[in-house]
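Here subunit A shows up in two complexes: once beside subunit B, once beside subunit C.
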Partner chain A sequence: MRKVEVTIVGAALIAIALAPLGLKNYGIYLLTLWCVYVMAGMGLNLTVGYAGQMSIGHAAFVGIGAYTAAILMKLGWSFWLVLPAAALLCFAVGLVLGFPALRVQHHYLAFATLGFNVLMFLFFRNEEWLTGGTFGISGIPRPPLFDRSGAYFYFTYGSTLVLALALAWIIRSPWGRAFAALRDNPIRAESLGVNIMAYTLLAFAIGAAFAGIAGAYFASLVEFIEPAPFSLTSSLMMLLMVIVGGSGRFFGPMLGAAIVVLLPEWLRVMKDWYLVMFGLAVVALMIWLPGGLLSIPERLRRA
Partner chain B sequence: MDGVSFAVAPGEIVGVIGPNGSGKTTLFNAILGQIRPTSGHMEFCGEDITGMSPLELARRGVGRTFQTLQVFGKLSVRDNLIVAAQEFKGTLPSRLFAPPDAGLGKHADEMIELFRLQPVAHLPAGSLSYGQQKLIDIAMAFMPKPRLVLLDEPCAGVNPALVEQLRELLMTLNKTQGGSFVVIEHNMDFIMRLCPRVICMVEGRVLAEGRPDEVQLNRAVLEAYLGN
Partner chain C sequence: MSDFLQLVVSGTAVGAIYALAALGFTLLWQASGTINFAQGEFVMVPAFITLLCLGWGMPLPLAFAVTCLVAMALLGVAFKNAVVDPLRRHGVIPLVIATLGLSIGLKNLVKAGYSAGPQPFPNVFPDTLLTLGPLRVSAYDLGALLLAGVIVFGVQAFLNRTVTGRAMQAVAQNTEAATVLGINVKRMVLYVFLINALLASVTALLVTPTYLAKFDMGDAIGVKAFYAAIIGGFNQTRGALLGGVLVGVLENLTGAYVSPAYKEGVALMLFLVVILFKPEGLLGKAEERKV
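So, the complex of A and B:
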């Protein structure tokens, strides 16, 4: 990173850390929700942006993570055990979902992941004995010491930074370069010894594990879960976060999540028109900035 | 293809010529496992490699280039070269904890210098000219120091000055790395000056084989391919 980028990122990190001091409970809740979406978005960015695999089923993994956390914590498991359990379960399911990607690509893969999301949504809604169905699961505890909203925000924020460092490690390692090769030209990559099958499955599995972790934090944040937040619409919103911020750019999901989570709140003053304005803003962005908001500096340099 | 049979000695450069549709690229695709022959087999260093996947062949030291440009457009030139060899170092889990350049930075820099790509080494490969991308494309194939390289029309779309640079580079790499090359090419001057042995294919069969000057004077070759 260049000096100016380090300065901007450092200032943003400090500003976010100080933000709860001037916010009420709902503001802190939104900021924590942003952290949760950043965690999930970073995973999706790895799958879609870095490895070039299409996925519109990411909310299903957040759901698996959330329900795993909720069910196990209600059984008395500690949050510290629940977190790896949610991540590992999503990693395993992500590996399985990666298999269609070995046979189909682009919009066919999009439909395969869409089907997975619909399937999981029906599972969350209909398997009442496990998930509580449409009544959901309530009374989900937060980890001890972090049960107040401010403390839970700092806990989630710290965890988001740890996950961001883990993602940075992956991307800087030879794995990151192999993911980019898989995205840019899988046929050439294979001829150079890149194991397409392994990296495709890993791209889905790691992305899913990030979503699973986000799900566990989400469950403790809202303390009540039901199927709606894990629907296909949520998956599309997560994909939108990645694309709006800048797909395949490290800070893309951070910015994208801020837009998708916070912009509708700021636009609420427009009452019934806010969704229309939000929709128009997204359409305009896709037309004039297909590389996402983080492509603006490059566009300005080229202009 | 029908009855195509030839051997390539260690360190040898063999040219494959023939008119469009004569089966040259099909020959490469059969060797590289992208199509499975209905009969016959291919051996590499005493091992039957018929029908092996490109990945298995790459691991055995068989490299290739394609007729069209095949670089990783968003990666820098240096990263293109590193990724071309990194998968041959260590195991998949160990590469997650390897240094970012996978210990290949020095080798990549040497290749960049050999191919005279220093001024663009840190630019995205996709942003460069066709000729520069062609050089990257070929340099990538040689990064893992393969024992056999199949080059499919390395001179296609390349200006005469670069053709000569490519010929010199291939001669240098043949000497320094010691691998065998099989080169498909339509540029007769290039192939006659690069390859001590040439195979001419027509309609899926080997029409003539021998020294470039012999093949060039073969009446059947002249009629079928070279014309004048």
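So, the complex of A and C:
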């Protein structure tokens, strides 16, 4: 990273850490929600941005994480056991779903994840004995000590930073470099001895595990979950979040998540027209700036 | 047994309608490498154009004719020129994302601008029940099946038997070679977009009376069009018909014998099984890869 970037990132980290001091409860809630989106977005960025696979079912993994956390915590499990359980379950489901889809490259993962999201949504809604159906699950506890909204924010923020460091490590490791090689030219990477199937599958499953962790934090944040936040539409929003910020860029999901969390709040007066504008803005962005918002500085430098 | 047959027949009718949307999807992919994630909305929009025309007092046939024209202009020409052409140089993913954005935009445009609730839609065929031996089939299903079948085979005959159709296939197989042979590639690609818009309009006409016109009706149809196309074979026109009918029939059987709640999951399961054992689709041919 260059000096300017280090300064900007450092300032942003401090500003976010200080922000709750000047915010009311709803503001702190939004900020925590942003952290949850960033966790999920970082996982999706690994799949989409670094491994170059389209995934349109990320919200289903967040949902699996959230429901796992909610159900186990209601049974009295501690948050610290629930977290790895949610991550592992999503990792395993990711492997099972990714296996058939990634055997054939192309865009099959996109279709498989899309259908998977539809199916999981039906599951959350119909299996009342487990998920509470449309009534959902209420009274989900938060980890002790971090019960109040401010404390829960710092807890989530700290966890997000830990996950971000983990992701940075993955990307810099030989594994991560293999992901990037695959994205840029799969056949060349394969001829250099990278097993395409194994690596993309791994990237997808790790991305799913990130979503599972985000789901567990989400369940504790909102304290009540129902199927709606895990619909296909949410998955599309998460994908667009990564792309709009800048896919394959480390800070892309951070910027994208801020847009997805804050814009609806600011543009509330526009009601349904907001999504009309959003959809068309995405089309325009892809035409003029396919690299996402974070590619603007490079564009300016080149111009 | 007659229950079973009845389910198969009505499933085939629904499947034939899926096949129409799937066919347009496949053609678009072959000719221009466009994976259109807004395909479902491309069915939803004509349904609402028809409703608007009916609202202005036009009779259904005229309303449908106007719908076809508007759809060809908007979903054919405008979509190609404003969205697909500028994006093709960036590769597949930006184009996919753009069609996803378009899908969100169109859905909410209809929701905000027309109505969020489901709207009734007139039947093209009468809803009476016909008795054929042991079977009781609704005239609507039969009419939809016949019309969809005629259109799918018509499109296939057009592609295989006419000079224009064969030129379109040549463009799909190898754009450069087609250019060298003197085929007007741009025009052929435009034809494909127009055919897709027409197919989507017919799909809307046939599917909306059952689904009702709603801003999010395209979600289910779009997903099934993808799956039908891949199950049958992404690079085969006939595949769309086979895939559509398979999905329609299996959905009906699952709804009746397993659980109506998971009817929507049938297409996904079938898709996963097919790509596990025959990734190029039931009728498809394996594609070669280039570095």
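The definition used in the following text is that the second predicted complex is superposed on the first by the 280 of 303 C-alpha atoms of A that agree within 3 Å, B and C clash if a C-alpha of one lies under 4 Å from a C-alpha of the other, contacts with A are read in each partner's own complex, and residues count from 1 in each chain.
In the analysis below, a residue touches a chain if its C-beta (ideal position, glycine included) is under 8 Å from a C-beta of that chain, and two chains touch if they have at least 3 such contacts.
Small disclaimer: the values here were computed from a predicted structure and weren't measured.
Of the two partner chains placed by the overlay, only subunit C lies in contact with A:282; subunit B stays clear of it.
Of the two partner chains, neither subunit B nor subunit C is touched by A:135.
After overlaying the two complexes on the shared chain, residue contacts for A:173 are found with subunit B alone; subunit C is out of touch. In the overlay built on the shared chain, the residue A:185 is in contact with subunit B and with subunit C. By the document's definition of touching, of the two partners only subunit B reaches A:193; subunit C does not.
Shared-chain residue A:119: touches subunit C; no touch with subunit B.
Annotation for subunit A, partner touching more residues between subunit B and subunit C: C. In the superposition on chain A, contact of A:108 is made with subunit C only, not with subunit B. Once the two complexes are laid over each other on the shared chain, residue contacts for A:240 go to subunit C alone; subunit B is not touched.
Of the two partner chains placed by the overlay, neither subunit B nor subunit C lies in contact with A:224.
Shared contact residues on subunit A (touching subunit B in one structure, subunit C in the other): 185, 187-188. Per the touch definition, subunit A reaches subunit B in the complex via residues 169-170, 172-175, 177-178, 180-181, 183-185, 187-196, 198, 248. Per the touch definition, subunit B reaches subunit A in the complex via residues 32, 53-55, 58-59, 63-64, 66, 70-75, 79, 82-88, 92, 95-98, 100, 102, 140, 143-144.
Interface residues of subunit A, counted against subunit C in their complex, comprise 52, 54, 56, 100-101, 103-104, 107-108, 110-112, 114-116, 118-119, 122, 126, 185, 187-188, 232-233, 236, 239-240, 243, 271-283, 285-287, 290.
Only residues 35, 83, 86-87, 90, 92-98, 100-109, 111-112, 116, 219, 223, 226-227, 230, 261-262, 264-265, 267-268, 271-272, 275-276, 279-280, 289-291 of subunit C touch subunit A when the two sit together in their complex.
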